[in-house]
Amino acid sequence: MADLIHPSAIVSSKAKLGKGVSVGPFSIIYDNVEIGDDTCIGAYCELGLSNAFSDSKHLVIGKDSNIRSHSVFYEGSVFGERLVTGHRVTVREKTMAGKNLQIGTLSDIQGHCTIGDYVRFHSNVHIGQKSTIGNFVWIFPYVVLTNDPHPPSETLIGVTVCDYAAIATMSVILPGAVVAKGVLVGAHSSLKGDTQEGWVYAGSPAKAICPTNKIKMQDGSGRVAYPWTEHFHRGYPEEQVNGWLKK
Amino acid sequence: MADLIHPSAIVSSKAKLGKGVSVGPFSIIYDNVEIGDDTCIGAYCELGLSNAFSDSKHLVIGKDSNIRSHSVFYEGSVFGERLVTGHRVTVREKTMAGKNLQIGTLSDIQGHCTIGDYVRFHSNVHIGQKSTIGNFVWIFPYVVLTNDPHPPSETLIGVTVCDYAAIATMSVILPGAVVAKGVLVGAHSSLKGDTQEGWVYAGSPAKAICPTNKIKMQDGSGRVAYPWTEHFHRGYPEEQVNGWLKK
Amino acid sequence: MADLIHPSAIVSSKAKLGKGVSVGPFSIIYDNVEIGDDTCIGAYCELGLSNAFSDSKHLVIGKDSNIRSHSVFYEGSVFGERLVTGHRVTVREKTMAGKNLQIGTLSDIQGHCTIGDYVRFHSNVHIGQKSTIGNFVWIFPYVVLTNDPHPPSETLIGVTVCDYAAIATMSVILPGAVVAKGVLVGAHSSLKGDTQEGWVYAGSPAKAICPTNKIKMQDGSGRVAYPWTEHFHRGYPEEQVNGWLKK
């Protein structure tokens, strides 16, 4: 196993690495880290940094995960199996995430948040503290989930994003907003308050546009584009595609 | 002291490091660097890079600072004491900053700019060249301070942000705009021209909305949210909280 | 030549490095990489990563290039001579680019795209897959070129940006949009569909505003600001300034 740890990597003897874990060149693993079997850690990663809020709790990364290079994770967060990240992601303490999470390149998870299963963050998303994210959620590049209704203040009111919702690129979700189940937030929008399940919201400030099932695929098939689970299955495990996704 | 420099770090013998300065693994400190006492430099940092505009001037970082991992600073910039950065910040030459500056993760300071005391940049802000920023300013994620009125050109007209102003997430401040004292720019706005002290501006293009003291706290206290100095003191030194902030 | 490779760098014996190529500390060059003469690779760079889509094809970087620190390039992309990058750029497979490309700090090129000659991406741009970018194009900070008309889906419809176009900061170009020759997209815009050559588009959704030659320089000269090639030549080779740019 030792040959899976690059000789230039710095791995604490207190860290717990499962079978088949590989660690790339110049990476650093601190004390309070537990990594599941067959996980791959790229180069220049720093796992298990501590700060004043991490309470010396462990960073736990589930098995079969893939952390790409230049990523930084604090201690005190927990991820289920098959976490996949892009490059240079930053994840702070008290991020509690389910399985099969994807975190795109440059994304910044501020910690103190809850994330369900099969969630996908594309590149460069910013997840503010106190965010609550369901299952099968998609968040696209340069989206910010905020939390402070009158910045700066100590009054943090997190955003809630429900199952199967999708938030398109460069949108801001304002403090306390609820993105309901299956909602699509259009690109470059600014969303406040509550939303209705399965509707499209767009604009700044965002308004209700239509039910998502009014949107047709642009692939010539004539199919309806939402719920997206009807046509998009890439990367989901077979049992999911035949199960939840097909429901 | 030498044991505070990680053996894998590369530190020029010409660099001047104060007492108690620590340098993390795989970091590089070039020649023209002066670091104040008790400053902590994280891993994978590169301090004192030169370019065609840095004129071989020193990078000066004040005492009691904390530069987090993966950060890049060019030579030719000066920071007062207690600079704190997030991860992977980039700071170019001729950035002249006061004390107690905070620069959030992924922020990109383009140099040739002036920054006062007690300023806080949250994650991923972009400070264009020729920006002038006062004291106690807050700039939130994905805000861009621009400078070119008809890009691309050589006509750079910087932005001015006055004391106690706050610019909320994903806003663009257009070239030559002046964010007056105590102004709040709402999220996802695009601001041009002059503004009136202590007012809220929001929208794209941003319009004057109301005086900031019309905004109530959402913490149930019934208090007014602005000036924010009345209720928000986290991280400011005691003497400030009892002094300027209370004025 | 060997003394141009820092001893801490990890360079595959299968990589092909031209004469005068330098590689900074802690950088990694994988097998399928060809780097042209006199190119400079900064610290902490990772060149030639493979993935499921890179088909083991070579990463080719032309001569006289400058890759700044913390950058990540996948194999399977080709760049002409004089590529210049900022820090921490990420470039995925099947990016086919001409000569004299500049890629700003934090930019994220998603691959599977085509880029002409003398193109400049400022900091933190996001180039979606299937983008087609002409020559002498300028893209400013926090611009996103999208591709998915109903996210998430497998229906990717790329953006086209024609010669001499400029897209100002924090704009979203929607799937299938065509930014015509010499068009200026204003800051904080959201552009859909087709555009007319040499016009200004701005707003969200963006509307046609006026021909670009109605915009005057703000340098007191009274000159017209567009086409920008009339007044902006910095960094372009002399033969270009006297040739294409003056046409």
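Order as written gives the chain letters A, B and C; numbering starts at 1 within each chain.
Convention: contacts are C-beta pairs under 8 Å (C-beta built on N, C-alpha and C of every residue); 3 or more make two chains touch, one makes a residue touch a chain.
Computed from a predicted structure; not experimentally measured.
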Open item on the list: So with touch defined the way it is at the top, what topology do the chains form here? Options are line, ring, star, complete, other.
Closed with: complete
Open item on the list: Using CA atoms for the superposition, what rotation angle relates chain A to chain C, in steps of 5 degrees?
Closed with: 120
TODO: Starting from the mean Cα coordinates of chain B and chain C, work out the distance between those two points in Å.
DONE: 27
- [ ] Would you please write down the residue numbers of chain B that are in contact with two or more other chains?
- [x] 8, 26, 44, 70, 88, 106, 124, 142, 170, 204
Task: Contact set on chain B toward chain A in their complex - done: 8, 25-26, 43-44, 69-70, 86-88, 105-106, 120, 123-124, 138, 140-142, 166, 168-170, 184, 187-188, 203-204, 215, 217-219, 225-226, 228, 231-232, 234
Task: In the complex, chain A residues that touch chain B - done: 8, 10, 26, 28, 44, 46, 49, 70, 72, 88, 90, 106, 108, 110, 124, 126, 142, 144, 146, 149-155, 157, 170, 172, 174-175, 190, 204
